[in-house]
């Protein structure tokens, strides 16, 4: 019978705690404890910043987030108009939604207390139900912590000074690894599809690329775009403007990914093999198409797939329209266009080259011969500046200049070229001139950031040593003794804010006249349509406003049988809109002929 | 007639006092325990809420008559002990049913309760209850030995079996029995640890082992009765100790102070102790406490 | 007795509710991962005993059944048994997302999604895990409901027993349980 | 004379059971003659669900594998993913991971203090230690944003950098804890009743221990120095100076002593980590989680948790979702085959104590 | 360590002709064997080569190949090396040898595999049910068991989320995009 004195008495020292201050938080639960600075509590959503991309909803493994319409928020391009609603019966406050939010609008707050006897009250729309949450944000993602990849995989390009030595394609294209990596950045929200005039299935084909399934990507792309390689190289890519990732980083290189995909199919046979289109039995309808530009080709391709007999009349020796003759070869090599035309021809589309409507064949004949007619003639005629000396020798329209060059001819431009304008044509003309060995200067009325040309093009031009003089309004061309252009005089302009809220207007500054020397001046301030081939009986009936055909949403003009698209019908003046027009016209023609409405 | 009325009145008053004080003590126990455990703890009157709530619960468990009897037995035991134990020195307000030989009677009646409990618990069919009862009885066998030894020592030493006699003795000499019979007191106090069933002797209901043992099938009103009986019984036991060893009390305040001091012993020891295993508990009681009991008897016989 | 009188009944009710409100004995049954926040709630930092909350070892003694998170069908069966063993008045607190709409186990083949379909729930606490503060707030809410006489889940259960039973039997394939013996 | 055997159901609703499981024991008198563990009350089939989650989404499920100490699971999964992908982890992240793991170890041990002592009826320790555990959880809350579920250790590093002034807070908490640990010792380890209850109870045979799959503190309580932090070092444990405590005896007492010393070693490790933590990156960013595919292959990583070896077997079929993520917890062995063996011949009073001393954690078994 | 690893490979290959090995840059060696060899190789590893500790047993359902892969991971406390033993079991007739006489705890793993994958272990003595109770469906860890569909059919879900919209649908409705059928399987 031993006795452990220490073991009996030592525990009694615990009783000294009686006199100590209790650790209990007295105020809880009446005043809940303030959570720490990084606590993951209830959600808060900045409704104005949120674009409703739904990435939070996608990442949520609990399917706790619904995207729902919210009062006072309208959808627009780049904003779905939906906002996340969190089911607190699902949420586990892991914060993944915050980490993947591309805009950073979603965050978690310090609030964590909600108790109710009604289980149906656990659906919360952050930002709507807790507008006061903004002050209580505790867990948010920064560009550093975000799980979005904000950095674009850089596109391999020729060095600026190497480029001007030849007409070799500047952009080298992604290799497979780069393409997969770039495609993996996509969060597949689909906001881009709305911005794309053609509504291409962008998330789907990017996902296919990311999964290493290039053939599927090609198939998905060809579903509504028969000229993807063209788009992959020269598209104005409005999709990238609204890309969710672009809010805090570089947009996904959607255009380059498309380009990568199309480059995986090396020739027309391969395209046919990969796309493996389902060509339907001929249905006996015949459709005539005027102009083998993007819109015309699109109409022909999809109608051909549906069993229509399509014939294209093209004035020039090659198909492609402006993409063939207007876009310089370092941007869009001829081979890749040929490949696509060849594929379209393989599907069964007939193209009559060197057949100018109105000259070689009359429009009336076409109109009577076919069940439906599509006009996709584009804007071949350039606008003129309307200033003194414009008709001098050496003053060339940039469109004509590019046509000649692309046709393999030479144009004498000397060694000092001035390009007037800020669109893609102007930049193209400038860069082509640089490749011909000239020292090029661009005069543009507004600021550089106002230029309608692609920023990549502008940067490329600057890399190639092209000077851009912004806010310069040409007023006069001076001739030399031979009647050739010698110099250009221009006025500097101030940008004056437009009272109506439009973009600022350039206003010339008196007395700021500057004269620069030039051996050639290339005017590139826009083009217009030329519908002289329409006989009077048609031009009376067809409504044409501001140089464009008036069409309905199916591209049907005021004449039932007559459809129009491309530059001749829309104001966007880019390839993808032309393709979109063509695609809609296909529906219109099909509805008209097959379905009969 | 007058006497019967007075007795009834006294019984009622003593029950109310015992109930109130007992419940308050348990509340204080929780409060003090909480403070040692670094927290605020419930208010001292928390146990009144608990009892009231248990009383207001609907009870719809039927395991048979004996289950009803269990708590009743305990209650009867508690009240009986209370009535026999003199509450104050002069029984003016609390005329009790004390008589010669009540000490011996008490020894019996205090066993009566747990036995009833055993019957009730056996009826529920819950194996935990059955094991709990076995444990309770084993433990009782343990602490009864020093307890009986202590009482026997007192009886031998002062040649009486009446509590009142012992109290009067202390009042006359002015010397408390805890000083004149220290061994008996030690044995009795150590036995009291077992009687109160606080740690380390809470083996009967040990939640981690038996999920509350005999009480596991008793909720609501059963528990209400048991809890009330427990608090009354606790007060009765404490009063008995005060009467026997600490010279009784002349008024209620002194009684409350003395009983509370006594109550602190099992309570504080409980806070800092884990639980014994059953055989360890019995071995404990048959160790030092029994030795003290033996010494007490030796002292009584030879001194 | 005087309890038959309506006003007296009201007074009795108020007293009873007051006592019930201040004495909530929770059943020690950690049904899910939420059980990890119960020890902090009951111990020194948060000390739920201040509110009269206290653990009870068996269902017979308990007033409150805490469903701490998800319930597998296997546990649900035991929980139903436990709930039916509890004595009136009894309350159920649903703990965290899982009890409301399945939580993160929404697609698991072994867990139920909405607890109130199978047991009457008086209070739902938001969180995954609910912090101890939230748990205490849940108790406070329950107390409020009890005082107002609105925590009547047990009555609802009795009245709609058929409906509850049908739901329970739908997810518990092999129903080998004694009938409700209150 | 053979007594009649009674069957007792310890659990699933039982205050003495750790978590939601059941031990069915056959007793003769107070002695257990047969014990059977029955589990499945917490089976959510994480591994099935993970097949439907992508590599990153799985993380939210992982911490639920074992609630008292979620970080080792996160860590072993993160490490397995890194092994599969060949992703580098910055040095700073490795230190932060060790910090988190050790803080979690302390938190879990504090919970064990409460559980072990409460299983023996000593509630005061639990009130103290579980209360003090909140100070560690406060640190976690500040660091990770969550009290219990941290989801902090990610492939490629950790999710956020240490907040400003965090080091000081950790050190202060460690100082406080060290003082408190002495109080625990007075009440628990110096307590004669505690000693009587634990010594000679639940003895694991030293010869058989490794074969039986005993790991962690129970194995070290048998006198075998085995710790994955030393044997199969991960993160930066091989750069840190600490001792793996070993006790002889194999009973609850020995296991308790091992844990008592380990919590002090953890404090020591944390101090070293804070002294040596390098500056720099804390995170090698992973790609967009929706499209993040891992190369084909499999990886198995082990981490030393308080309960012992935690393993994570991850298989990738080259896709964005795990093909299989199979988790191995110490309790998978401890609470079933080992416990069933250990309980035979013991007193029913000791079931809870033995279970606690083995660190039984049912969610780890059932997942 | 390289030496130890090559010794291990040497010894295993001489004893078990069907073993094919795979090495890793860290302390890991993999062997693939026929399923009949499993008890023998595990016995050998444990008793002769000091791989006393059974770390893990796992099973993978290769639905496409119509096979189960069972992996045993053993650890040598002396050599500090992990050895993985892989084997393939036919999915149509999944029968394997029981190994719980080598390590008692293998019993638990085998019970789980039996329940979750439906692999039968000859001579395994344990109750049928392990984690599940009254389960009537197919073994749930098999890849062809769809847990989400099962949960949706069995467990009631709280309504109120019907107006849940996929943002893509909203955009498609507004933009008029028509997703071709074959592309739908590549949804995000």
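For clarity, chains are labelled A, B, C, D and E in written order, and residue numbers in each chain start from 1.
As a convention for this text, a residue touches a chain if its C-beta (ideal position, glycine included) is under 8 Å from a C-beta of that chain, and two chains touch if they have at least 3 such contacts.
Computed from a prediction, not measured in an experiment: that's the story for all the values here.
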Checklist entry - Which contact partners do subunit C and subunit D have in common? => result A, B, E
Checklist outcome for this item: Comparing C-E with B-C, the one with more C-beta contacts is B-C
Checklist entry - With chain centres set to the mean of the C-alpha atoms, which chain is at the far end from subunit D? => result A
Item to check | Label of the chain whose CA centroid is most distant from the centroid of subunit E | outcome: B
Checklist entry - Among all chains, which one's averaged Cα position is nearest the averaged Cα position of every protein chain shown? => result D
Item to check | Centroid spacing, where centroids are CA-atom means, of subunit B and subunit D in whole angstrom | outcome: 44
Item to check | subunit B and subunit E: spacing of chain centres that average the CA atoms, whole Å | outcome: 61
Checklist entry - In whole angstrom, what separates the CA-based centres of subunit A and subunit B? => result 88
Next on the checklist: Please tell me the distance, in whole Å, between the geometric centres of subunit A and subunit E computed from their C-alpha atoms.
Outcome noted: 47
Item to check | Touching two or more other chains - residues of subunit C | outcome: 28, 43-47, 50, 55, 57-59, 74, 100-102, 104, 106-111, 114, 128, 131
Next on the checklist: Residues touching two or more other chains, restricted to subunit E: which are they?
Outcome noted: 132-133, 140, 145, 147-148, 158, 188
Checklist outcome for this item: The positions of subunit B in contact with two or more other chains are 34, 36-41, 207, 211, 271-273
Checklist outcome for this item: Listing every touching pair of chains gives A-B, A-C, A-D, A-E, B-C, B-D, C-D, C-E, D-E
Item to check | Touch list for subunit D against partner subunit E, complex | outcome: 39-40, 43, 45, 47-49, 51-52, 210-213, 215, 226, 231-232, 290, 298, 300, 302, 309, 311, 313, 315, 323-324, 326, 328, 332-333, 336-338, 341, 366
Checklist outcome for this item: Listed in rising order, the residues of subunit C that touch subunit E in the complex are 73-74, 77, 100-102, 106-114, 117, 167, 170-174
Checklist entry - Can you list the subunit D residues touching subunit B in their complex? => result 6-8, 14-16, 30, 117-124, 127-128, 131, 187, 191, 193-194, 196-197, 347-352
Checklist entry - What part of subunit B is in contact with subunit C in the complex they form? => result 30, 34, 37-42, 46, 48-50, 52-54, 56-61, 205, 207, 211-212, 215-220, 223
Next on the checklist: Using the touch definition from the top, list the residues of subunit B that touch subunit D in their complex.
Outcome noted: 33, 36-39, 127-128, 130-131, 199-200, 202-203, 206-209, 211, 271-280
